[in-house]
Amino acid sequence: EKKTQPAPADKGGQGGQVAQPAAGGATPAASDTIVLGEVGSLTGAQATFGVSTRNGVDLAIKEANAAGGVKGKKLKVIVYDDQGKPEEAAQAVTRLITQDKVVLILGEVASSNSLAMAEKAQAAGVPMITPSSTNPSVTEKGEYIFRVCFIDPFQGFVMAKFAREHLKADRVAILQDNKSAYSIGLTDVFTQKFAEMGGKIVTTQSYSQGDTNFRAQLTAIKKEKPQAIYVPGYYNDVGIIARQAREMGVTVPLMGGDGWDSEKLYELAGNALDGSYFSNHYSPSNPDPKVQKFISDYKAAYGGVPDALAALGYDAAKVAIAALERAQDTSGPAVRDAIAQTKDFPGVAGNITLDQNRNAVKSAAILKIGNGKTEFVTTINP
Amino acid sequence: MSEFIQHLINGISAGTIYALVALGYTMVYGVLKLINFAHGDVMMVGVYMGYATAFGLGRQAQSSPWGVLLIFVVAMGGCALMGFLIERFAYRPLREKPRLTALITAIGISFTLSYGFQLDIGFLPGSAPRAFPQIIQPSQWFTLGDPEFPDVVVWNWQVISLVLAVVLMAGLQYLVYGTRFGRAMRAVSFDHRVAALMGIPTDRVISVTFMIGSALAAGAGLLYAIKDTSVSPLMGLYVGLKAFVAAVIGGIGNVPGAMVGGLLLGLVEEFVVGYAASTWRDAVAFGFLILVLLVRPGGLFGRVAAEKV
Amino acid sequence: MSEAQVKVLGARQEFAPLLTVDGVKVSYGAIQALKGVTLKVGKGEVVALIGANGAGKTSTLRAVSGMLKPVGGRISFAGEDTTGAKAHTLVPRGMAHAPEGRGIFPNLTVLENLELGAYLRNDADGIAADLEKSYGLFPKLKERRKQLAGTLSGGEQQMLAIARALLSRPKLLLLDEPSLGLAPQVTETIFRNLRDVNAAGVSILLVEQNAHLALNFAHYGYVLETGEVVMAGPGKALLESPEIRKAYLGE
Amino acid sequence: MSGPLLEAVGVSIQFGGLKALSDFNLAIHKGDLQGLIGPNGAGKTTAFNVLTGVYQPTQGEVRVSGQRVNGRLPHQINHLGLARTFQNIRLFRALTALDNVKVACRGQAALNEEGLGAGAKFRGAMRNYRDWWRALMLTPGFQAEERELTRQAEHLLEVMGLAHRRDEEARNLPYGEQRRLEIARALGTRPKVLLLDEPAAGMNTREKADLMVLIRKLRDEFDLGILVIEHDMKLVMGICEQITVLDHGETIARGAPAEVRSDRKVIEAYLGDSYLESHGGAA
Amino acid sequence: MRTASAVSGSGSPSGVPASLRGILPVLVAVPALLVLDWLLSNSPFANYLLSIMAVNIILAVSLNIVNGMTGQFSIGHAGFMAVGAYLAGVTSLALKDVALSFLPVAVSDQVFLVVALLVGGISAALAGFLVGLPSLRLRGDYLAIVTLGFGEIIRVAVTNTEAFGRALGLSGIPQTSSVAMVGFWVFLVVLVARRIAGSSHGRSLWAIREDEVAAEAMGVNTTGYKVRAFVISSFFAGVAGGLFAHFVPIINPGSFTFVKSMEIVVMVVLGGLGSTTGAIVAAVFLTLLPEALRSAFSAFGSESNLAQQVDQIRMPVYGLLLVVLMLSRPQGLFGTKELWEVIPRWIPRRRKGM
């Protein structure tokens, strides 16, 4: 027998009511500060993602506070580490909502963790903005969940299109990270789109993040003589993969996604990635003064060129701040509505307009690597 | 065919590293019957020591013979000292206690090191992996096919690692079975109280064993970092686990066993990826381990302790 | 303190002092095993220590050989204060201990076990000669020198333990129940051989359940009861004491 | 009298090249008190191990209560009525004296259903599941049975003179008491035949004398067949009615104490020439 | 190790009739849990923390049956937990839209939850049987590495199974677990552990731990008991996984790595091998420790850059604390004893019967 399920909106509505006293019921400290929450992987295999994002958020908050805060109140972010585990993320977000009574939550990077958080945030009616989780299912959790980046189906499509049209590749091999939902998602989309466009995936090989030896996979790939290799993984693995590929005499370009973006990539890969491409949310070589100012501010505060995760963290915080400015009060529904209205917001990683699915509709930049730097190649629009 | 040869070379090269790390594992286990879970993390710290030294030496000096030697000496010496301290303060007080308690302190040390090194406070390196400098300038030792784009390459460092591993294994084997100190080690491993009655300074034997094991870990770690070109705080966790598996396959406590176990594990993994499903690599590796143990419950070279009823 | 209560039967033959144990106390956690044991072993003397189960005989030997740290009292050996010294530092000074439970290394061969007995020695020839001597004492061991010691029969293991202790060329040999589990013939052989060992100048502190055997063998004997020496005297004198006959010989 | 409770027929076992036991024959009936002696390494303990299923014989057959037990596991053989003690004491060191004995004790239901056939096996398995269930539900029947087991175990401790050690951990008992606890534990399995491996080792002369009395008493009170390995000739010669002598795995003599004692081969291989002089008179 | 005789000890000192002693704890626990649930219904964080804690308790107590009581060293418990989590999760996803019409929705949800948990538990038990059977030839550390290996194989298998969501994991599992439900399973596993301990089965397990050869010679079917210990232990690990899946919004293979297994082992050893209450206390302590460190560290505020990193420090501190704890109490919190044997006056003797 079918159970009459409460419509999601209905469920969210209840959540909103529950959350209202939480958000509005001001603790003494809350009178002059607005508390935001952030969850990220500050330790564990993906710690750099969390750290970059945290820095980006931190920068945005500092700027806002320097400019007088929001409606005269200072902003404060409480950051919790989830060690890259979904259950810890869920625990942290629950703590943020019920103990720290935050009005809004930022994070996570990895989609699995964002999914865990989204469930809790949605149920409590506290808005959540993920800066960089690209798996489509995240924002499907409900109307309190937003993101300021594009989604994987788009990103995979972008790269497939680029490979076909720009690189004129017929034969592409894939090397995916079997432990990462992100990598698998991109692999699936790429495989499908590339085939639709008439290309052939000659082989799909897997590794597990944290591996440092990819020679077996590369030998198997080399045998198939592909014209390019799609490596939708994280930069820490990709850097090593690139080196080993070159060492083994695999000279074709590698292609990847936003997971590549980190200054560390070039350090790890040396010049092994010269001539490779990846899709990204932003390009640090973008001459836009807003972007350049962000980069120099970031460098001053944390050292190093901000990667896309830092940029998206910054953007997510900015979007949140703007929404708080707009919202009548700090209650969940009010803030949610304010976020939902975000339109043409000028982020450093592109203009942000949230669609009715609460996803940012953004174009993707294709970057080419050369000499430890990226070079903007083209933009592909949705 | 060339592909098969390449896989073979890859497998041996990966297995060499497992074997080297496993040697230290096996040695410490042999004497203390302690699964030193922190072994991989000690290795990781050693690699960072080497990294820092290389950094300090600068690009030129780090790849000179003396530079390389210095890097190895610093890393191995530093780890020996660390191994000594860990044994002295975390394991020795528990020597008379149930074996599992020392395992827990080992896990504690492992957590402390692997998480501690993810901090970016003070001298700690932070969570991001770093590229390890090419202190051994890579050159092709052997090629097959077109010299410009060879089908098969054997690199100089692969050969160096393998030779080093074999030499170290032989040296260790000699140490354990051919020297007085080795006999003392074995005596201590069976019963350190009775060993003391033979005039064996048990504390010193254990300390030295630990220091050798840790220094070996550092050396293995450096070769590993040279091979896979990077260093990160979590590297110890993965390699440590694999090395432990290798040691068990060979028969834990057995020196040539560690070597053979490491090579076998490297080859099995390589061929699973190359010719079967790369997604199942770890499962097959463990499956292989289990299979070996079911056929030979003491590992390939180990013997199950003779128990007379 | 306990000195006063010791019942001494007869005079002791004179030997130059080698080991002096003075009021030694030993505890295992809350259990006090030795409450103040005082005894002496002279150079070339054989001293037997007898007593019921749990009286503290083994604990006394352990304290002497450094396996246990006494919580009170003094021990001196070969003219030096060795209270609380680590076991391995006593071996070069001439102490050898064949412990209770034999303490053989089960996964080493018989030969390797024996070689460990000579761990601190560097005279290869001397060791070889002594090895032959032990094989002479215990021919069984020669037969089985390649076998893993753990698979020896109980008696064979006991022989191995004694032979191994002798290989360090000790001044003082501590034996904890050497006849345990041995065939009568072997016990006899061992004691005959121990007599030779003693004749060559090695002092022996012997713990034995077989009081008859021990007291016959020893120059002097101590009787231990619940961690204290209660009686002492020349072996023969003790053997003849009605108390001993009743308590330990079951007569 | 019915057939033997324990029987070894032509049993041999080999370790590598070493023939530890060859063509070993033995029969123990109810009420027997037999001895097994021989030099160190003669194969006495090995014989026990073969009889109790710890080792599998390379040749020959072992029968317990008339059933062939080659290839059976020690616990199955134990269930058929064969119990033993160990030369190197193997108590459950961290358990109390009482629990040591209780491990061995089994409820009446369990005892009734023992056998080696498929039916018995099935019934045993079923009973086992029922047992678990009763233990988990703490049924009144289960509670009663636990009390009964406790009572049994307490009784055995008493018989062995260990009642005052009831709640002491086995490892803290003095050696002699540990030996007796091993016997108590073996008796807990309600054996028909009891194998004692050097029960007097580590006991002083007086304790040995007590033990002799005790062993006889056990035989009578529990209706046992007993086989003792012992190096103490006073004890063996004093209580055994029949003695088997092993040397190098071979049975070199068998008979009443007086016969064995004066057997030339036994004297040569085991007792030693001086035995007659020093002990001959005593025994 | 006085526990074995405790239950069976002479008579019934509590005055509770024998026929009631079996069921009494249930009669006390169920209402108590319902009240607790009601009291906490307004604090999701406490709920979540309690649930995590409860799952850890179930894991620790169940692992203790194998590691502590039977002395078999297993370090692959997270694998069984994974089996339970995924199978219970899949079951619930399949039953998501079904309801028992004759019951209120909330009750029907709980019925399905229990069904899912049983599916998870039984599958894990089956896995435990499969692991236990061949592994029994192995001793000590060899057994350990094999259990670890099986745990990893399970994880890889899950990662490669489309139906389990591969690396992304399963989400959307109805979050129907509650404090009362997790509490009930904690109660159940403790009850089972204690009652095993108080029966001849428990004594047999201990005998195996102490000396396998002697146990076998005394008529203990060591193989059978070891397998049963594995099966019971994995059943509860599976249930724990199932519960986990019903309050953690998403389960993925990353939650069931060997590090998780090690955490459970740490709880068992820290509590004292063989001590059920020790395992409970250690599980509670080690679950709360990171949260407590978090609270302690967030007291620094979040103004400075350093303070922002403070949450990272708790993991190394956690590691160091393990070392310090083990050094100061090497035998574990309670040794092999139970709470009331260590602190006799805290709890009246009759609680032993549980």
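For the reader, a short list of remarks on this structure follows.
Chains: A, B, C, D and E, in written order; residue numbering restarts at 1 for each.
Basically, contacts are C-beta pairs under 8 Å (C-beta built on N, C-alpha and C of every residue); 3 or more make two chains touch, one makes a residue touch a chain.
This is a predicted model, so every value here is computed, not measured.
Among the remaining chains, those touching chain B as well as chain E are A, D.
In this structure, the chain pairs B-D and B-C differ in their number of contacting C-beta pairs, and the larger number is found at B-C.
Here the spacing of chain A and chain D, counted between their Cα centres, is 72 Å. Rounded to a whole number, the gap between the C-alpha centres of chain A and chain B is 37 angstrom. Inter-chain centre distance (chain D to chain E, centres taken as mean C-alpha positions): 41 Å. Multi-chain contact residues, meaning those touching two or more other chains, occur in chain C at positions 151-152. Each of the following residues of chain E touches two or more other chains: 159-160, 213, 309, 312, 315. Those residues of chain B in touch with two or more other chains are numbered 115, 118, 120, 237, 279, 282, 307, 309.
Contacting chain pairs (ordered by label): A-B, A-E, B-C, B-D, B-E, C-D, D-E.
Across the complex, chain B meets chain D through its residues 309. For chain A in complex with chain E, the residues that touch the partner chain are 1-3, 5, 42-43, 47, 54, 58, 76-81, 83-87, 90-91, 94-95, 97-99, 111-112, 115-120, 123-124, 135, 137, 177-181, 183-185. On the side of chain B, the complex with chain A involves touching residues 3, 6-7, 10-11, 13-14, 115, 118, 120, 126-131, 138, 149-151, 153, 155, 224, 227-230, 232, 234-235, 237-238, 269-275, 277-279, 281-282.
Note for the complex: chain C touches chain D at residues 31, 50, 52-54, 140, 151-156, 158-159, 177, 180-189, 209-212, 246-250.
By the touch criterion given at the top, residues 29, 33, 35, 37, 90, 93-94, 97-98, 100-105, 107-113, 115-116, 118-121, 237, 241, 244-245, 248, 252, 279-280, 282-283, 286-287, 289-290, 293-294, 297-299, 304, 307, 309 of chain B touch chain E in their complex.
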